[in-house]
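Each in structure tokens, the structures are laid out below.
Both complexes below contain chain A, partnered by chain B and then by chain C.
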Partner chain A sequence: MKKYRNYFVNKLFWLLITTIFAFILNFTLPRLMPGDPVAAIMARIAQGMSNSTGMKEVYEQYAKLFGTNQPILEQFFLYIKNVFHGNFGTSFSQYPRPVSDIIRSSILWTVCLQFPAIIIGWLIGNMLGALAAYVKKGYDKVLMPVSIFVSNIPAFGMAVILLVIFGVYLRWFPTSGGYGFDLIPNASWKFIWSVIVHYQLPFWSIVLTTIGGQAIGMRSMSIYELNADYVKYSRFMGVKDKQIVGYVFRNAMLPQVTGLALSIGTMVGGALVAEIIFSYPGLGYTLLNGIMGQDYPLISAVTLIITVMVLLANFLIEIIYGLIDPRVKAAQSE
Partner chain B sequence: MHKKFLFLLSIFIIAGVLLAACQPAQTAAEEPAAEEPAAETVEEEAVSEDPAAVAASLPREETLYFNGQQWGSVVCWNPYSSNCNNAMALAQQDNARVTMFETPYLYDMLDGKVYPLLADGDYAWDAGMTQITFKINSAAHWSDGTPVTAEDVAYTWATHVKYNTQFGAANKAYIDTIEAPDASTVVVKAVLGEDGKALNPLLVQAYLSSNYVIQKAWTEALEARTNGDAAALMADIAEDAVFSGPYHKFFTDDTKVVMIRDDNYWGQDSSMFGKLPVPKYLAHVIYKDNAAGTTALQAGEVDVSQQFNSNVQDLWLKDNLPISTYLPEAPYNIGASLPTAFFNMASYGLDQVAVRKAIAIAVDYDTIISNAMTNQSATFTQVPRSLMNPTPGEQALFDHDAVADLQWAGKDIEGANKLLDDAGIVDTDGDGWREYDGKKLQYIATCPNGWSDWQAAIEVVAAAGKEIGIDITTNYPEWSVYQTVVTNWPLPETGYDIFMMWSDGAGPTQPWGRIRHLLSSEFAQTTNNWNGNWGGYKNADADALIQEIPTLTDATALKADYTELVKIYLTDVPSFTLMYRPQAFHTVNESVWTNFPHEGDGTSPAVPPLDLTDGWSIAGLYNLTLVK
Partner chain C sequence: MKTALQQVFHSRKFVTGFAIFMAILLTVFLYPLIIQDEPLAILGQGNFFPPGIYVNIYDSIHSKSYVLNLKDAASKRIGKILTDQSRQDIKEWLVSYGVPEDQIDINDTESLLSQWEENYDSSISLPGMTFAKQRYFQRLDESVNGLLSSEGVVISEVNQETGNLDQTNTIDQSEYVHINEVANVRILPLGTDNFGRDVLTELVKATGVSLKIGLIAGVVATLIGLTLGLLSGYVGGLVDDIIMFVTNLFTVIPSFVLLILISFSIGQDNRGATTIAVVIGLTSWVWTARAVRSQVISLRNRDHVNLSKLSGHSTAHIILNDILPYIASYVVMALILQVSSAILSEASLSILGLGPRTTEVPTLGLMMNWAMIYQAHILGKWWAYFPVIVVIALITFSMNLMNTGLDQVFNPTLRD
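This part shows the complex of A and B:
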């Protein structure tokens, strides 16, 4: 148990170090982008006006307001102070909207789209991959090429294919939005049904691209494990097939679990492609706009959430690995 | 046996997946058919005045849907802010958006005139050209029922100045004060020039059709709650704003914005429109890109499309959809602005007129217009280049014959080569590229990345360079970088030799405003320059004419000045127009609503194709009828 405590403390220590560096990078990297966020706002304001003299004064007002004219170190301490108060600041590109409000309104769409899609895609993919490895024969010959083919269709390609076939030609599903274009959110069955219908195309565009990759990975891992010495030995020993399969898949699962945890960690980054093609509300597109508009507070907040989730996911995996696979713990604590 | 079982299991899973995908499909497939009865049911519910039922869905036959105006979420409803990203409600510009807040006058880009909205009758300058007087329509009232008064107009201006809003900052050099001698009379006093007359009468007039009148009482409440802090005042989301227009906020989220009609709107008075606008709701779904917007337009989920729909004619010619544009044939819309390529005057060799003009006349504009604009622009043979947009009002402002020799339609490689040869700018070292003073002419043409129509145009410009021995390559920085660079002189030594920016569209100060922004040296070589003349061109003669025009009232003198400016522009070529672009794209789907503005629709004054929201085009909302 002492060994495990050392392992845990060691991991926690590294988690803290990584978090500090991630924090600094989260603040610094967006600000290293060339360009000026206040100029982007000015550009928007100036269009369509007969007379945009006096813009210099307005520019200076905004620069002062956003603190972009302050020394970078001062901006950094202000940022740290705000984050510890749970305040991500005010968005530049959607000023005066608070960043927390922007994230709150879009994160649920993203998580509800991504989380089930990742889980379902992962489950189906792994199941198919394991079956391909175990059953082989015709099954493998069909499944493998199909998986490789599907997993190599880029996400935007899959989304466009689904959109054109099921949205434009067959008209089975709506082509854009999170719910009906003629609806206002409310607690009616009509609205819920509309959300479900609008959910289908973005959801399947993610699931289908996930399945292929997972299936390929799981198949290779399973084939590798099926040929491992312990499997052959167990067979010679007359251990039941069912029990061997259990061992094999438990071992083959390890890297797949890591992949799953990382996918869930990066999930809040949003399914950008699906969100854009289906005009689905979500954080991915918001983040993209934030980057385009050099909205430092928004970019920092979203990347901070992603960083923290990935770090936590990694940390949890390592802790769980330590528990379920004694080899990992032994190797790490040496 | 075991393997067979697993095989069957996997078949079952795959079948399950497919069925799961198809299950909602079958029901959804019935949706379109079910849509009509659904709309009827909702309508009945709406009639029953049950707020919950009305809130649940928008009756299709009472809602006018838009696209292309609103990108991203609405941030605020504050008419003092210029940063609300609220395209359905707020746009204080040349053709002001008057759905929620209103201006004293409405500009009609088709005839270049203004028509009273909150004002009663025409405005008048005094004899000495020092101030404008106009009356407020006595029928006009705010959404809270109180009358709109001259004091509201005066207080709005005072607030703009006091808090240095963008609208105050932009106009205070030209407008001194706005006063209200009595409840219905407004006096706008201009800043006077050395001659004792208004420094710039055009900009003073333009204020009346570009800027909203905001209620004094509400402004005072806003000031009280923001404690007189300018930043807080402009950052207030103002959801309680009192308004005078026909529509106001009904619902917004990250996917749509919906406005609802105010059935107590003053404009139904016989002195104004005499009735309410037809659609009860104005709705705008927030599409993520043009492609999504076009798909929705095709599906009949959009009635009025203010976005670039590539090859728009295919929508009715090939797809047989009830979709149309303002003009039945190319260019489909009225061109109003002139997307322009600027020469960086500080780039090596571009200070030479021969080089600038040779590039400009070698460009194949027809290719730009057919590729980048899919023919949604008049060609330069149809509307020869000048400084004016293709509207008849602007075209009449200069002497066409006097400038005919200077105009070019493009793709004149021979002429360009001759021009360069005559100027002694030839290829001396035999590498295929011309040199000026022994240095190879080598430029980078640029525009923001992802602006596909501009990128297509810039590629054509670069191709023209190669034809005449000038090495032009392209580069596309991100907009965030691009706009920071071009608005701050000096431009970098390389990378921004030929670059695209916009020019003004149609408006009450045009074409003077556009010409000023293209040629006036007051903007040349400055920082934070959102006005124009980004290439740094200076010409004292042009400056004098630009300064003189706003004070001229004699039509002949005006025409002479404009003609002279066109001559200067076409001779010196500090920048050149690449295409004509409409003020707003205006494509309509007539599956639910009809009687939209079209050329020759018989309206008087003619309703311009500005999406029934901007300037006089709002009058189009009163003419709509249902198809069924």
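This part shows the complex of A and C:
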């Protein structure tokens, strides 16, 4: 148990460091812009804003929020303090709505869409990949080229194709939004049904793009394991095929779990773009709005939230990995 | 080296990928030699012209005419305008106007049209009909007008002196022109985009630019990754610790987020295609660094490296002669993957509106972005976005195939 605790503490420590680093990046990158960041931001939005009192207020608020006249270290602590109070400032493009409010209304959509989709896509992909490696003939020949090609369709391309086929031509599912445009979020069945219907296309487009890559990875891992010495030895020993497949699957799974942890950031990035195609009211769409509206506080907050979410997911996967990895498990029982 | 190359070109996967990639590359180089249009010249007035052959009407009037008596010409002419849908619409209008439903036979063209001509009046607005629908019926009326006549069309020109219209020509319904004799015929195989630009020409140019972006980003990423990987793997110690710490940090922090933050910070005016390429390269070296490091570590204590050390060769010499050749295949594979993922990154970034900001060159991502902004997918204008997706998928597909092929040659355990 002590070993696992060490592992856990180690990972927790690493989570802490990466989070701090994410904060630092989020803080410094925009400040690399030449000149006074507040002035630069204001110069950008000045083109689109006609409300001069609003602008002045925003300027003063940001000068205060950024604390541009203070030393850089103090600015950083001010920034951290603000973030932990959930104070991301006021949105430029949706003035006077606070950024935290916008984020709060969109984060749940993203979490409920992306994480189930990625997990299910990962599971299906792994099963297909293992099957392809084991069955090999026919199945492998037909399915592999198809899934290799499918996995090369970018996430946004898959989203557009699904949208056009099922949304525009077949009209089975709505093409945009998270729920019917004529509804107000409430707990009625009509609203829930509308949410479910709107959920399908974004969900399956993320699942489909995830499947391809995972299947290919799992297939080569399984082939690699099937040729390993322990498999050959077990065969000589007359161990049943079914049991061997069980071992192989488990051993091939482990790198796939680590693979998921390492690639989750990329997947989330792709899924965010898929969200945009479907105008799904999640973080991706919010980010797009922020970029379109040159809304610096919104972009900064969304990217920070996404990073922290990815780091947390990563941490969770690694904790689970520690529980199922026989090496860590063996160390625990010592 | 020679045998390795031979082996590589025996791998079916690699050859397939290589062939697709070369085909794309050849198109990019040869197409501009044949069709010398400006890739971003605005040809069409209006947006999203469908793919097909465009024949100049003015020129065809003045071309030599041939009389062909084809018996289904008239019915085709009617069928083009009076589709099943518009017949239904006419019936719908007539019924709501007050014509008894059983008197209308939508399959009898003549009686349907005569009923329409008798009753339709564009000034009448029927209750419950939207303005858009009213306009639709006005347009339908115009197109139906004179559909059944068997007379020809009179062509007349304005006489400059008197200002009167002089009849210069009549065109019969059975007259044809040979398409080769018409001076101006333009084939737009993929139609035009939202700005009225030829999609195919634009697509070829965009593919070239995107490949260039991919190559620059890939080279930048591979160089950084290679340098860091070699340093941390070969030198070890504190250098290794520091480099690995940084690498691990950038592994978990999503590069996509970094890309967004950096491109936004650069600002609109400075975001050229090359800048974006370098930024993509700067954020995607992590995997190469990790892979190179682990390879170098396994090589570091091999006999030939130790022998080299004993012979007093310098570190640079050892890295160049005793380590690099062994990881060369790996680096090439990493480069290929970097190029294809950089092309994807550019496309995703452009869809977000943070892609290269240029008016001189298109990129695949920008084409996709324009198509999305102008709702090409909702409007059913498939030619504006689908070819772009196919090209992106083909590029990454061919590169991944080449990569798998190489992988199978250099890692025999993976061979099927």
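One rule holds in what follows: the second predicted complex is superposed on the first by the 194 of 334 C-alpha atoms of A that agree within 3 Å, B and C clash if a C-alpha of one lies under 4 Å from a C-alpha of the other, contacts with A are read in each partner's own complex, and residues count from 1 in each chain.
Keep this in mind: a contact is a pair of C-beta atoms (placed from the backbone, for glycine too) under 8 Å apart; a residue touches a chain by one contact, two chains touch by 3 or more.
All of these numbers come straight from a predicted model, not from anything done at the bench.
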Looking at A:T266 after the superposition, I want to know if it touches chain B, chain C, both of them or none. Which is it: first, second, both, neither? second
Return the chain, chain B or chain C, that is in touch with more residues of chain A. B
Just checking: does A:N6 make contact with chain B only, chain C only, both, or neither of them? Give me first, second, both or neither. neither
Between chain B (first) and chain C (second), which, if any, makes contact with A:I161: first, second, both or neither? second
For A:L311, is the partner it touches chain B (first), chain C (second), both, or none of the two (neither)? second
Considering only touches as defined above, state whether A:I276 meets chain B (first), chain C (second), both or neither. both
Would you sort A:Q70 into first (chain B), second (chain C), both or neither based on which partner it touches? neither
Would you sort A:S105 into first (chain B), second (chain C), both or neither based on which partner it touches? first
Please work out whether A:T175 is in contact with chain B alone, chain C alone, both, or neither, and reply first, second, both or neither. both
Tell me which partner A:L25 touches in the superposition: chain B (first), chain C (second), both or neither. second
On chain A, the footprints of chain B and chain C overlap at residues 33, 163, 168, 175, 276-277, 292
Residue set of chain C touching chain A in the complex reads 248-249, 251-258, 260-262, 264-265, 267, 344, 347-348, 351-354, 368, 372, 377-378, 380, 382, 385-386, 389, 392-393, 396-397, 400-401, 404, 413-414, 416
Residues of chain B defined as touching chain A within the complex: 2-3, 6-7, 9-10, 13, 17, 21, 24-29, 31-32, 38-39, 52, 55-58, 60, 63, 65, 72-73, 75-76, 82-83, 85, 91-95, 164, 166, 168-174, 203, 206, 210, 230-231, 235-237, 251, 253-256, 258, 283, 285-289, 291-292, 295-296, 298-299, 301, 478-481, 483-484, 487, 502, 504-505, 507-510, 513, 527-528, 530-531
Given the complex with chain B, which residues does chain A contribute to the contact? 33-37, 39-59, 61, 65, 93-97, 102, 105-106, 109, 124, 127-128, 131, 134-135, 139, 163, 166-168, 170-186, 188, 190-191, 196-197, 200, 204, 241, 275-279, 281, 285-286, 289, 292-294
Chain A residues touching chain C - in the complex, by the definition given at the top: 14, 17-18, 21-22, 25-26, 29-30, 32-33, 136, 140, 148-149, 152-157, 160-161, 163-164, 168-169, 175, 220, 223-224, 227, 262, 265-266, 268-270, 272-273, 276-277, 287-288, 291-292, 296, 299-300, 303, 306-307, 310-311, 314
